[in-house]
Amino acid sequence: MDSFVALLLNGLNSSALILIAALGMVIICGMMNVINLAHGELIMIGAYTAYSVTQVMGRSFFAALPAAFAVTAAAGAVIERLVVKKLAGRPAETMLATFGVSVVLQQMTNILFGAQSKYVAIPIAGKLAFGRVVVPYYNIFTVLLVAAVTAGTVWMLHRTKFGKRVRAITQNREMAECLGIDSSRADTLAFAFGSGLAGLAGALAAPVRSVSPFMGGPYLVNSFMTSVVGGVASFSGTAAGSLLVGESTALLGGVSNDVLANILVFLLIIAAIRFKPEGLFAKERR
Amino acid sequence: MREILRTENLSACFSGFWALDHVNLSVGEGELRVIIGPNGAGKTTLMDLITGKTKPAGGRVFFDGHDITGKPPHEIAARYGIGRKFQGPSLFENMSAAENLELAAPRENTVPRTFFRREPVRLRQKAGEVLRRIGLSEKAGNMACELSHGERQWLEIGMLMMQGPKMMILDEPTAGMTAEETRLTGRMIQRLAGDRTVLVVEHDMDFVRQVARTVTVLHMGRVLAQGPLEEIEKDPRVVRVYLKSDGREREHA
Amino acid sequence: MTRLAKIPAGRYLDFALFLALGLFPLTGLLFYTQLLQKYLVFLIFAYSLDLLWGYAGLMDLGHAVLFGMGGYLMALSLSAQNGVPEFMARYGVREVPAWLAAIVPLPAAVLAGILIPALFAGLLGRFLFSSRVGGVFFSVITLALAQVFNLFIQSQQKYTGGFNGIGGLPGLALFGRPLDLVQGYYLVFAVVLLVYAFCRGLTASRFGLVLRGIRENGARLEFLGYDPARFKTAVFMVSGALAGLAGVLYVPVNGMIAPNDVGMEFSTAAIVWLAIGGRGNLTGAALGAMLVNVVGNALSENFGAYWQLLLGAVLLAVVFFAPQGITGALARPARGSGRSKGKGMARRA
């Protein structure tokens, strides 16, 4: 029983990381209909920012988090303006171009930092123990932070003017433009925000996962799968999807080995996509 | 006249919105029926249901004695013989006009019949003939995306000619055409109608007048009125909803 | 118009390329001949992707998985020619497992290496294409497949040599007699020509016409009576078979196979070849594969990571300035005024 609870809690941590990584993708892919194959590299930028701020500049990890958000958001804004905007409405070209961007980002990081994995210290050491279940404090922090950020994102999209503008554009771009909304600027900002979230995910993952120029691939795949399972444009769906993916991977990983867990989850996700391409939790559209 | 198409209480629902509400339609074999109605009346949805693009929420569709309700589009097209021209038009853009037509062959459309198989000569000949009929012989090698709008509409009509289905559904075949092009299209369609059943969804009342005999009027997912054009034009319900009293299409508020 | 003029321009390029490749061993540059031999195998891989992506419009981001299946089957067979392979023995495997024994005879290995990827593609295709899974989903799923397959291969060290792969394998042999480099080169070259002829024949047939129709407007085809799912599954199977064949040839040519060869990296490499060379005409696939690999080999010797960086930048440039790749850019002046509409992968409703 204890180990089950431990697995469940660990799964929660994985789910949190998956969620925040996927959240950015939901905004960019689900809401703006942009397929960004450089998503994993945005996460990587966030991780390297965390590395630079903590290990190179010696500052606190808690300064690294907003830094990671800001740097990656800036990178996202540049990518949107230079690449994505120009290829609007052409998914295949966007995929190829963002793939090119991902290669460029990987190699630049490789050249600047080297291919060796970087080490980022866990900012909150120690574990919480109740009974025989042990949960690292950092995991709790991660889950809480992700929950807060998710709530904040939802609040921003529904309560602020900017958020409402973005939602208007995703639902009916032409109408929104007629109403005077600068859709081009909103696109850039929304893309930047989604990228920032990805960067935050990378920073959060940095102490507990490996940091290398080529770390992005699995994150890209996971984010895609999760957001698709949840219903690409739905936040609650993505949250549920992350939970599903994170928990099932953890539980299955506890029962058999990690790789098998990955394979099974992959199969489950394919089945989910196949039978419900609009996502398990999406609302039906006309 | 033998009935070839019948819908019984056909309904379609999208997230609570009833796009079609118990539509009963009957079309005779060889008839040229025009379906009119304001935007959002459900005309295209009705066509979607008949051709299998969308599954109905209720009701049935019968074609040529068979129940085709809910069957997949390719089966309805190949096995039962219903062809459709889309509102777009919907073509194969980066392929030549001739290739567009060659794709519309009625029999060579399964994997075994196409794997490593060449184009049958009769198909190429038929394509040439159809190109003549739609006036695009000169443009056989041009990419579909290079053609003018009117030519693209005709190309898709040509694809239907190649396909040779028992019933053709034309969704706004004259959309975006000049008056002259509209008239030519009308003649094309009238020539088609003789051998087979044609359903035309249209907005342009001049065109409707050129080709129509029986007209069905849809409004808010229901059949509002049906009958010969002259009666429809005078029907007060239709006038109120759709036509201005002088017979021209009213601006739908 | 003479008959010569009716031959599409691309065939001249093909001919030139094959001529150059066919004559190269005569230069005596053995090192480069060996390199080109590997690139010949890549040509087969590129052709297989072109059928799937260039003609049918299905952007497979995990194509190396099919390649890897063929490759690993061949590697396993070659390594078990004299009983239990060393890397398995290390894990306590005493007897050759039944499935491995079945593919020890080389013809069986070749057959398995071609058929198993084809069957896998067929199953996956049947599953995916029968729903309205659109192009983007297919790409995402194949990307995930690449990752999962890579992990799987690495995790099954007992049977796959894990992270290090399977190495020390013998070179090409025909009817039991090992071939020297030049002989092996021409064997692979002959296979490439056969594959080329096969692909040309297939794409020129009605099947090719339908594939292009699927790429252009798959939804429309349904209303003409075609079941696009069946065609997609069929081309996926053919493409899988060819990719598997490439994998089968790769192993004796390269001497080893590793998880790196079967994951995202190699899959996306082929995507880059086709993006740069052009797709949907076979010529571009060969051109892109040759160009990127030859130039890449020359540059990466001196510049390492900068070459990859350059490649990424070139890819970006291609997408912006020549979205149809080199062959696409060459073809446009010949067409005159027409601007091809860049056809994206429309997500089906």
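We call the chains A, B and C, going by the order they appear; numbering starts again at 1 in every chain.
We adopt the following convention: a residue touches a chain if its C-beta (ideal position, glycine included) is under 8 Å from a C-beta of that chain, and two chains touch if they have at least 3 such contacts.
The structure displayed is predicted, hence computed values, not measured ones.
Asks: Which chain has its C-alpha centroid at the greatest distance from the C-alpha centroid of chain B?
Replies: Checked the centroid distances; the maximum from chain B is A.
Asks: Mind having a look at which chain is the central one, using mean CA positions?
Replies: Answer for the innermost chain: C.
Asks: If you average the Cα atoms of chain A and of chain B to get two centres, how far apart are those centres in Å?
Replies: Going by mean C-alpha positions, chain A sits 46 Å from chain B.
Asks: Report, in whole Å, the distance between the mean C-alpha point of chain A and the mean C-alpha point of chain C.
Replies: 31
Asks: Show the residues in chain A shared as contacts by 2 or more other chains, in ascending order.
Replies: none
Asks: Send over the residues of chain C in touch with two or more other chains.
Replies: As it turns out, chain C has residues touching two or more other chains at 343.
Asks: Write out the stretch or stretches of chain B touching chain C in their complex.
Replies: Going by the criterion above, the answer is residues 51, 53, 72-74, 77-79, 83-84, 86, 90-95, 99, 102-104, 106, 108-111, 113-119, 142-143, 145-146, 159, 163.
Asks: Looking at the complex, which residues from chain A come into contact with chain C?
Replies: Contact set of chain A toward chain C: 35, 83, 86-87, 89-93, 95-97, 99-104, 106-108, 110-111, 217-218, 220-221, 224-225, 228, 257, 259-260, 262-263, 266, 269-270, 273-275, 277.
Asks: Tell me, which parts of chain C touch chain B in their complex?
Replies: 201-202, 204-207, 209-210, 212-213, 216-217, 219-228, 230-231, 234, 335, 337-341, 343
Asks: Touching residues of chain C toward chain A in the complex: what are they?
Replies: For chain C paired with chain A, touching residues are 59, 127-128, 131-137, 139-141, 143-145, 147-148, 151-152, 154-155, 264, 268, 271, 275, 305-306, 308-309, 311-316, 318-320, 323, 342-347.
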